[in-house]
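Below is one structure, written out as structure tokens; comments come after it.
Order of writing sets the chain letters: A, B, C, D, E, F, G and H. Residues in each chain are counted from 1.
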Amino acid sequence: MKALVSIIMGSTSDLKVMEKAAVFFDDMKIAFEMNALSAHRTPKEVERFAIGAAGRGIKIIVAGAGMAAHLPGVIAALTPLPVIGVPVNATLDGMDSLLAIVQMPPGIPVATVGINGALNAAILATQILATGDENIMKKLIVYKESLKQKIVKANDELRQINYKYKTN
Amino acid sequence: MKALVSIIMGSTSDLKVMEKAAVFFDDMKIAFEMNALSAHRTPKEVERFAIGAAGRGIKIIVAGAGMAAHLPGVIAALTPLPVIGVPVNATLDGMDSLLAIVQMPPGIPVATVGINGALNAAILATQILATGDENIMKKLIVYKESLKQKIVKANDELRQINYKYKTN
Amino acid sequence: MKALVSIIMGSTSDLKVMEKAAVFFDDMKIAFEMNALSAHRTPKEVERFAIGAAGRGIKIIVAGAGMAAHLPGVIAALTPLPVIGVPVNATLDGMDSLLAIVQMPPGIPVATVGINGALNAAILATQILATGDENIMKKLIVYKESLKQKIVKANDELRQINYKYKTN
Amino acid sequence: MKALVSIIMGSTSDLKVMEKAAVFFDDMKIAFEMNALSAHRTPKEVERFAIGAAGRGIKIIVAGAGMAAHLPGVIAALTPLPVIGVPVNATLDGMDSLLAIVQMPPGIPVATVGINGALNAAILATQILATGDENIMKKLIVYKESLKQKIVKANDELRQINYKYKTN
Amino acid sequence: MKALVSIIMGSTSDLKVMEKAAVFFDDMKIAFEMNALSAHRTPKEVERFAIGAAGRGIKIIVAGAGMAAHLPGVIAALTPLPVIGVPVNATLDGMDSLLAIVQMPPGIPVATVGINGALNAAILATQILATGDENIMKKLIVYKESLKQKIVKANDELRQINYKYKTN
Amino acid sequence: MKALVSIIMGSTSDLKVMEKAAVFFDDMKIAFEMNALSAHRTPKEVERFAIGAAGRGIKIIVAGAGMAAHLPGVIAALTPLPVIGVPVNATLDGMDSLLAIVQMPPGIPVATVGINGALNAAILATQILATGDENIMKKLIVYKESLKQKIVKANDELRQINYKYKTN
Amino acid sequence: MKALVSIIMGSTSDLKVMEKAAVFFDDMKIAFEMNALSAHRTPKEVERFAIGAAGRGIKIIVAGAGMAAHLPGVIAALTPLPVIGVPVNATLDGMDSLLAIVQMPPGIPVATVGINGALNAAILATQILATGDENIMKKLIVYKESLKQKIVKANDELRQINYKYKTN
Amino acid sequence: MKALVSIIMGSTSDLKVMEKAAVFFDDMKIAFEMNALSAHRTPKEVERFAIGAAGRGIKIIVAGAGMAAHLPGVIAALTPLPVIGVPVNATLDGMDSLLAIVQMPPGIPVATVGINGALNAAILATQILATGDENIMKKLIVYKESLKQKIVKANDELRQINYKYKTN
């Protein structure tokens, strides 16, 4: 089974955030690979990775990084594949990372999700794959329905809470 | 007893913030309902809720949400009732939620209170009801007097603290 | 005709922002009054105004101010009427004013709208009045329909713009 | 020719930003449609649009909005298609819009690009299409090469600037 | 002994911050009074306090408050005495309080110190008193010398820390 | 006539902001001096100035600076006189300057006014002088009355503006 | 004459900021080179440049970039030479660029100067060169003296401004 | 052995941040000195230190400080040596300190690293020394290689984590 998606992170300290993406791909039965490569400490490896990704069959790259987060942008500069950037909150509530990922100059976009939003990055990657794969699309629709059920159930529980002047 | 106010929240994780509104309505003997509905996960239910609220006798909607908090604005787009928005602090000290609620475009206002300000949202709702209901107005005035007494009492306690050069 | 709404601003330099509220009330045929009173330069007048408002038949106060904008909160402290606060952008893109208005302590809410959002403040005031007045409610619904028509028309114009690969 | 991409904006005042996306799709010969629909003023139309998009053959939605920018998130809640969000700078340097688009809750991602980044949104959409279309991929690679040539040429011009102690 | 300085705070929850001012005045043997009065919950008491302060012999007012911190500005509007404002960190790292205190409109200054800077507020009050009182001036100079000694001693301790390549 | 107040600025580009302080002292007939001294470019002169100020009869120093505004704090470190800091907006809307002035460490306060608030700095200086000088106090009270009259007059003008539904 | 310093910028639109560095090196008679290379559009050229710089005799690199400014960090990852980063204000008052340059992860520092601070970057580069070159050190000291003279002269002009109560 | 680098901090509470610099210099066998001197509490000592540093053989100064962090800039004003500034996070996530250090006016640069970035400050100092010392350069290259090995090893560990659909 060849990986369709590649998860990459700037440091293993980002794993606690990025593993939510891995778990989601597992649940969706989407083959993926996962690497720790640093734009700053292993630039050569990042370059080799980025240039080779499309040729290996990767369709989408999910890249997480914190602080002055250059990893997603550096990869996006070296591949025509869509790159999804996950700002990881390491300092300043993640605002430095968000801006360093999302504010890319014209020509090299990074599809940015919210701070620590690795799950959403994985869902977005899956949505992209689903545009060309009906099987994945069906699983996505089931997943979205489960999100709805969770909040419907939450609402039911909320109704059980008793306040004197609360009506039902 | 028909609910006059509807409390709505984007997720049950917002309950620890929003329950202060419920408690206040209970104290004021104002009938209310409470629901968890997500602008993003249950958009159809939100729509049904918002469109039906006025017809069911609801006068004011108090809506709390965090992050990219769309719930209050989405409801305000679908009802002529006043919508009070409560920014819930989930990330970025609640600044994302505050801006996503208060900065509504011309035409669709949301009456925004402070971050995690569910109690103030409930007081504001009560003030709105009181403009047309003398009974509620009287209770409000009693409540405001109790706030005053609390700080008068606090001041008395402060006077008991002894510093050598503190005068009375 | 007795004013139902009172527009108040901290300085006449706020008029260019606040007059949108006046124009809206005119369009809606809602009687209003308009005053410039400063929480800092005429505190006594502000106090007299705030304490007397309800007795004069005012139902809602719309208060705009910039910088360390205390006016809406100071008025809210002195009246049980709902106070709608309009942060006016005088410095710091209006962020100082927004925070000084919206972040009220528990007990004294201000219904805050967006920066320079005087039109939305007037719409919100009208929505509040409409909860107790079917006539105003009808005008509001007509107004909301006109907003919709404006964007429907805008959409039509957008369709006229020709790009070679744009479909219709 | 059926549109593959749909450009949507919250107001025609966003056109000056969003038209860069239209021009890019034209250059790439990618069929697209363009609409102005407001999450707040025409919620029903937004809903109809979002629910119908996939069925009409749309693969990706590019949605731009300013202030409390709910449009991209509201659409993402109603379609399994990938939604690319463009924060439009209307107030606060676009920071309100950026946060209101990117900080989506778990389950409903929006692929966010930089403030006013409509060109990058269009490139990202094209990159997504290119993962399943070799023809588009080739055009993308040509485009990226042209970006490179532009900066190579800029560098040549820079070399012509004479300073006394500048070497070549 | 008549109080020369008045410490005032918006809520007793501010006491843990403001007591540093009380302790400093004690150390400096400067008579002071201390009150909890809320601009929003006890506006009448604040007014009485502010108007009467100069007549009672108070020379300087030190006022601390959090969130939309109106207390220092409201007092400054009612007295010609210098008012020192202490932004208390209750939310948003104290940034809301700082802006709500420091950004006063022309005509009504508040002498603002750093967030939670009650000690500095007391030192500043003492510096103001010292301009007209040689005795206090002498104590101030002794105090400043003690600050210097503390850091000189700290430096000595730092020299004791051994690193292999650290020189002395 | 010996100067009681010293105005100091980090650069003559700050003059357009700081001259409001000079004009106010002129209006109040308070003798002052004015200097441009840079904490960074003329540190020795700043030191000589700060150490000598009290001895020359100066009672208060008003110091304005922009960007990483060290001037007020550096002076405060070298004199027991109260130092009033004016953050000058040179970059970042003046936020860098505000934080670099107000966030002083324990021991060395700077009495900070709002961004570009040179007029308020001069009023504050006058209020400090007035605590020991009845003559100045009287002038201050006249000045505050004039502020009030200005807004009372503004209010009168506001009443002249005609809207159809505006009442008087 | 071999270049000692290399000025690099992400786009020629940064030239209006970065040319201040060129002019300073000219004034100091320090040989330099100047290039426009983009971390995102010409990553290969950036890599070649960064890896070759030390071998060509370059001692320091001055790199300016705006938005999600990766250029200085990407170069710093590929060379052991000190890299001075200049955040260029293209959006968000330059705050995105400042954070994307200064918040580098452990291991790869960038010596960051203020927003648009190309002149300071050149001075810093010269200070670094001066630590090993007495000739440059002498020129630096002359330069710093000229800065002082400029403000001394400014101060003289300030003394000529007449206010009635201004003393000399 | 004479110190080449001087570490200076505004308070010993900064030691927990700054000691990372000391440890790095130890590892690199670079002689250094370490002092606690306060720009505000011991300005004379700071002056003596800054003026004497070059004469004592110091080549680079690493200065850390928090809040309104004036220490690095004040030292930079008094020495032609390069000064590396470390913003220490004491309040506001370190944003006040970062701006107070990096936003220096033209003429007096401070080479700023990230918030709490003492390790990077030490590496930067070492890079500067290495431009004139081949021995240090060699050690630096070994160090950078070790950073790379750490992330290569981290990547290996990442590969061991098993998810069902993760490929290798």
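By definition in this document, a contact is a pair of C-beta atoms (placed from the backbone, for glycine too) under 8 Å apart; a residue touches a chain by one contact, two chains touch by 3 or more.
The model shown is predicted, which means the values in this text are computed figures rather than measured ones.
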Which chains, if any, touch subunit A and subunit F both?
G, H
Looking at A-B, A-D or E-F, which pair matches C-D on over half of its contact pairs by residue number?
A-B
Separation of subunit A from subunit H, taking each centre as the mean of its C-alpha atoms, in whole Å
34
List the centre-to-centre spacing of subunit F and subunit H in whole Å, with centres computed as mean CA coordinates.
36
Whole-Å gap between the CA centroids of subunit G and subunit H
19
Sequence positions of subunit B contacting 2 or more other chains
11, 38, 41, 67-68, 91-93, 95, 102-104, 107-108, 114-115, 144, 147
What are all the chain pairs that meet the touch criterion?
A-B, A-D, A-G, A-H, B-C, B-D, B-E, C-D, C-E, C-F, D-G, E-F, E-H, F-G, F-H, G-H
Along subunit G, where are the residues that touch subunit A in the complex?
10-11, 38-41, 43, 47, 66-70, 73-74, 76-78, 91-92, 95-96, 99-105, 107-108
Counting only contacts in the complex, subunit C reaches subunit B at residues 59-60, 80-82, 84, 98, 102-104, 106-115, 117, 119-121, 123-124, 127-128, 130-132, 137, 140-141, 144, 147
With touch defined as at the start, can you tell me which subunit C residues reach subunit D in the complex?
93-95, 114-116, 144, 147-148, 150-152, 154-155, 157-159, 161, 163-168
Seen from subunit D, its contact residues with subunit C in the complex are 1-3, 11-12, 15, 22-23, 25-26, 29-38, 41-42, 45, 67-68, 91-93
